[in-house]
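Shared chain: chain A. Partners: chain B in the first complex, chain C in the second.
Right, the complex of A and B next:
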């Protein structure tokens, strides 16, 4: 059973995510697998993603918290640090991961990444190029995509 | 050459028997060269694993004493300074605060790890622990031993990065030191950590490298300056020779740039493509590859096909008149075909040139390996047997080892000479080419004579397997010894000239 022997830490983190959710973020574990979370992040105000509701999936690997959670956007998003498969380029999900970080801190970082795209460290080359060549136009595309794909169910 | 018998001899380059010869002039007559021992000024030392360990411990102990810091602190500091203990000392006493901040060490008097003094919650597993049940990296962020163990295991699994591990709290930069690792980690992780810590002494030190020879565990410390065009070849005790600068096999006197160009060329597929382009086309009927080896364009495929066609237009030969007439009629196409011809001709010439050099480059390489094998056999058993047969001490036969060293060196130089030769322009560098060919032929024929004498004649004289005591009379032996010694000197002289010419890029003809 995936849920047997769930570490105390994961239980505690889950309880807190449900009882004191961070603003604009919701995360709830799946019923079949307590290590798999359905996540929703609201597009931050004053960002091209404002008004959008973005779905993500988050999985806590067996080594968690010694290894970072695996997070991916499910909603299509036009962002230089997120590729078309929804994979996210974020240092704390890779080499800067520390077991002192938590699901909450990871999701807050992703929310912040939506407010501050970083085209100098791109995951999607084309979008990053677009962003650097013509930011106004790229932001328009991001807004357009938000309307098209993230307008909420 | 670095072939000292004891470790201590290798430590102090310059402080050895060869030093006195280093001022010899190699341009002089062969007969004037007194000693056949290699006289290349030794600018490096070979260290065995135990030597490396001893040096590392010595450096660490010195820093612990002078800076009065615990061992883990000293290691972190030395690594930060790439193991240059002197520079660390100088800068430490100017501004130790700055250095502490850079490497994540606490203020003076602190210790590498602390235990919690009251009941706390571990920020990793969220468990509650009594006083003494948790540790920190000397800072105020305490975690339970189990979480520390997992933290260190994950870091060690990532490789040498574990040596730069910091406190898990992302706002804290305190370094995780060896003392903490030893206090909490699992036994196998401690050992892996220790291994990385040991290897860092060579890998992070710009003056040290592990010998890349297969299976070799020695390290080489380079004490010369590696800028400029001087000789950067180093030779390990395992007989592997490599270039200090680029790590490729020893390639004196050819520059690293030429070597890399040449090696890249050898692996590139474009040569193969160009070979096919020049040599083969497919029979338009049976698709068999066909090489054109005569001048005329009338091609006949082999049995059972026997298809006859025109090399240029690939049409059946019966129709090839149209091909010829077409050329006559169309001036522009005629020009194109001639251009095509010219391109093929050039590609073929360039390919022949490449193959000429490649064949010789590869042959000398193979030969070098045979020589190194023979040397191994010679030194491990054959010299002893020969010495017994002659009733002389083994040291008496040192002239043979020297001959073999010279042969190996010659093969190496000749090998790379061919890479150099390839990059001489066939037209522009015509005079250089002449000098290059002349010097190389001389060196080559001298080397062949020496090689034959050391290898074939030795086997004829002494036999290969068992040698009877007193089988060789002293006169035969001394004339053989005299011959080998003389040929070694002559060959060395030729090669010194060749190397010199290379190092000045054949400047004499400019």
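Right, the complex of A and C next:
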């Protein structure tokens, strides 16, 4: 029932995501609700998350594309801009959202955030403090968490 | 000799006229191009004047949205991001068909379906594609008119 009256834009985006997936990213809609996507992002090379497979959930609210998708990490991750509930601090998911952005561009931005943690704009204060005080050690913890929680299970 | 002079002078006159006409045409083209380029510059990051309340900003946005005149799309309309064969509305991801009602944003010349852009502009004063502000009342109408004029009907 939730899938009736699905806007054509969402159908189009879904088709493109499935037919031309972005490298290191997969997103597939749930059968029960086409506005709910199961997402997997591979940890980018040269980042502490390399080798990890991160699961996320993405939901397109009723107002989409006038409002941003809601995205959350389901896999535990040690990152200054992602909190322990998996919520992501990313401007385009909040005040910098634009309807010209798409599911694909949002997921590419999240992938980029994994390559470039920004402890100056933290969501997780403890991790950000750790990152600023001792980046080498924080990166080690991030690698350890990747091995523990994101190793392709 | 007399014969030669009289036969040459209409040629001279013709030559003079055609030179003058070419010069005038070239000057007009250059002037039009200059005006077009000057108008098209993006006004990114214009500071909102201090003391603007949320309500006031919203009112201005609404005014801007309604001040942009919709018109019927045809292939000769000049706008930014024009594809070789078709134009996509970045909001609904649908092709803008000839005859569809559209709006052209004055500062950046991006084009959208009327209903798509009006929905966005009703709460945000920016272009979805380039984030140009569209709430510059002094320039808005004049430029929109000018671009429409430049586009052959």
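What we mean here is this: the second predicted complex is superposed on the first by the 153 of 153 C-alpha atoms of A that agree within 3 Å, B and C clash if a C-alpha of one lies under 4 Å from a C-alpha of the other, contacts with A are read in each partner's own complex, and residues count from 1 in each chain.
Quick note on the criterion: a residue touches a chain if its C-beta (ideal position, glycine included) is under 8 Å from a C-beta of that chain, and two chains touch if they have at least 3 such contacts.
Bear in mind the structure is a predicted one, so any value in this text is a computation, not a measurement.
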Query raised in the report: Which partner does A:65 reach: the first (chain B), the second (chain C), both, or neither?
Result: both
Requested in this report: Mind working out whether A:8 is in touch with chain B, chain C, both or neither, as first, second, both or neither?
Outcome: both
**Report entry** Which of chain B and chain C A:99 touches, first, second, both or neither
**Finding:** both
Query raised in the report: After superposition on the shared chain, which partner residues are touched by A:83: those of chain B (first), chain C (second), both, or neither?
Result: neither
Query raised in the report: Can you pull the chain A residues that chain B and chain C both touch?
Result: 7-9, 12-13, 65-66, 98-100
Query - Residue ranges of chain B touching chain A (in the complex, touch as defined) - result: 123-127, 141, 147, 150-151, 153-154, 168-170
**Report entry** Contact footprint of chain B on chain A as seen in their complex
**Finding:** 7-9, 12-13, 63, 65-67, 92, 96, 98-101
Query raised in the report: Which part of chain A faces chain C closely enough to touch in the complex?
Result: 7-9, 12-13, 65-66, 98-100, 102
Requested in this report: In the complex, go through chain C and note every residue touching chain A.
Outcome: 90-94, 116, 119-120, 123, 126, 128-129, 131
